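Some structures to go through are shown next.
The same subunit A turns up in both complexes below, where it pairs with subunit B and then with subunit C.
== the complex of A and B ==
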């Protein structure tokens, strides 16, 4: 019932969301840890920057990214000098955009989970002569597992739902940047409402299933 | 700050008054490629008639979906002739009101001076990484670009370098920001005072693609609106046709 191009768009969307989630786990974890533990004056400004994509219109983010990553922008100059070409209209360009766009969805649940652990378990671990790194892996990670689950699912789902930024920097290339949300938009513009309905229904069911998993099955969600 | 009630009331009264004055207002859905000429025509129209034209710009296919679902537009200036025809048949437009207000011209354009030659040979050279076109499925200028490339026997060779704009404005934006070296856009977007206003261009001969007839339609909602009727009449007038020509469109 779904066409080949629809399936291609879905596959691409899942790949984009998966890669973005993995990268954000690596970047977001230390940032969230720092935000949860630091007493620095910088905590406020950094927290605000992390939350920016929540309130910024995707068109603002897309516009800046298009200019910055384009051949005349600073990021574009850098990637060109590294022999990588420019990022707009490529899969990795979308990954970079998605990392910015979904940043708060990874950091904020992690930060909450880290803060909920409190000082006590860390102090106990320290008296048992655990190194900070050891403490992080054998105390913090297990305690923060529900937080990681929430953050991962939210980041993945939010990236699947991305549209505005992709429209601004994607260039609608089949198999490279034409994700499911753009494919639906295309179907609607081409007045192929049957195709639009089928793909839209898939997205609706997927999103509901993800959120159901998150809300119904999340352990220790509320303390 | 607290606004005293009297000031608030005065403001409210003023707002109501301005509603009265602007009663003859026409809401127009305009194809993105016609943005620049329509801004000028709307200003002239307001001066000439006192009616106000409120313009919304976008992709024709999106406007179709919005109009069918009750969007508050009185007049539709489409980028093609098939969409207004379809709306007319479906009873969304006033039958007999449809006419071609402009004939689109396609241009291969680059922001870099000297990059595109006068015969479009740059397409054969392959000296570019990205070629920006409007989505051929939804935008007539995109479809015309595909026909042109087909005619040149270059479609298969350059297709892997396509980047697609959602509408013709975004197609131009990809080129003007340098993210694509060149692209097929509407001549009107890069044309001013009778010549291409910057960069380099090849104006594609009309014989390379089906003519891009852009039709206007009085929508069902605009039927009783004098401003809507006046705007369509104004579009056929000599001053408006002069503006349309000056932006590089043909006329039928």
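== the complex of A and C ==
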């Protein structure tokens, strides 16, 4: 059976992934829309920055975030002046780090979905008196729904699976920053292979179920 | 009085558009030209989907664009309807919701004219279907109804039949003709199909290379012999005729000002107006009527003009019929020399085929 700390770690992991996915839906949608529609020179550089977490070692990302959010970093100075203290080694510090880390997993599927819609439905909506904002909600969102599902599932699953960034930013505080992946690491360090096995199996089944849902459902959504 | 004044000037690499148009406030204006002539760009400028850097568009006193004063109404603020070439229905909405989409946003919340419009286009049985379960012709009819339900002051149609096969075209043309008879708003109809234009248009704008080469009432403009050679291969006139009588030997007589034509038996009752198109290549010329010819439709005429065409060795002859009707005949230069044709000369026009358009 899973121990209480295991369950606590799983709960924390799900909360982190859920909050991160919600925030990224709000931030990632306009960024993806801009990347899909803009013809600006900035499109290339911005697209590259968005994709960086795909190739960067999580420890590198975590290192820079740690510096930025630390007491002497720009973000840390800001949070301190707002009376929030510093973010590293807190749950919200983990959320900020996860938002950066999972950014491309939200933006890229959305960008593809928006690009696939093309110009025509937007032009049609305009000739039917829909303003651009109206068009976005009445035409783009419904047509891009499969893209939103894919992006949401990928972001959630990817956040569940993070480890390096969590260690750098969150450390290993039970109930605050000790997520499932870190808990497994702890079990292994402590030679508790039985506990590690059980939690690892839960993660494996969860990940497989998520991906199965995604791939099995996708061909229908394409129609 | 012309109620739509439009002038658009824009440059792309390898293409420039420079048009200045005055269009009537009623009836169908066909914007006709070969692909690449700029006709669709002009239509998109009317809709505000393209913005000509130097442009001005006034529709019945309402300024939609005037770059000199920095005025440019975005598409969604222009009271227009646009029917695109391919099916453009929203796939996530039923036919009914598609129709309501524009209707509500155009302020027609109570759905005034909904029933009449649905019946005019024959789409009542389709209302609760999804667009993906309609045929191409049905989709275009729904798209036309959707545009009309916004109660536009100008209806734009961008080759609405081009993506349909012949059978679907013939299915939808009668609806377009009904529209033509019942709509009291101007329609701008982009096409590269001469038959559609001849059948539907009242006013014709010919475009070539981003320029307007001719603009005027349909029949007058088609009868001109001075059009650019690019149009001469497809040259032909349209006559408005009336079904006069169904004769015993299986032929129908059509009367038009200046003569009559015999065609194969028609369904229409006597008195019905019909448009017919006579291709220049289906008209030959003789100096006198022959009793020993099998050609039935022989009309006395006078040569008005002779012009060269794009095809080497061929000329276009403009023939005046009594009472102002005009025919075009495409003959070889050799025949012209052999007959010694010159302006003012009385001849006989032999019409080998008449295409009836309704």
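Methods note: the second predicted complex is superposed on the first by the 218 of 223 C-alpha atoms of A that agree within 3 Å, B and C clash if a C-alpha of one lies under 4 Å from a C-alpha of the other, contacts with A are read in each partner's own complex, and residues count from 1 in each chain.
By our rule, a residue touches a chain if its C-beta (ideal position, glycine included) is under 8 Å from a C-beta of that chain, and two chains touch if they have at least 3 such contacts.
Predicted model, so just to flag it, every value in this text is computed and none were measured.
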Fit or clash between subunit C and subunit B when superposed on subunit A: fit
Contacts of A:142 with subunit B and subunit C, given as first, second, both or neither: second
Partner chain(s) touched by A:71 [first = subunit B, second = subunit C, both, neither]: first
Vertex subunit A angle, Cα centres of subunit C and subunit B, expressed to the nearest 10 degrees: 150
Which of subunit B and subunit C A:128 touches, first, second, both or neither: second
Partner chain in contact with A:118 - subunit B first, subunit C second, else both or neither: neither
Minimal inter-chain CA distance - subunit C and subunit B, angstrom: 39
Subunit B residues within the subunit A interface of the complex: 59, 61-62, 64-65, 129-130, 132, 135, 137-138, 162-166, 170, 174, 177-180
Residues of subunit C that touch subunit A when the two form their complex: 47-49, 74-77, 80-82, 84, 88, 90-92, 101-102, 105-106, 146-147, 150
Contact set on subunit A toward subunit B in their complex: 66-67, 70-72, 85-86, 88-89, 167, 171-173, 185-186, 188-191
Residues of subunit A that touch subunit C when the two form their complex: 120-121, 123-132, 134, 138-139, 142-143
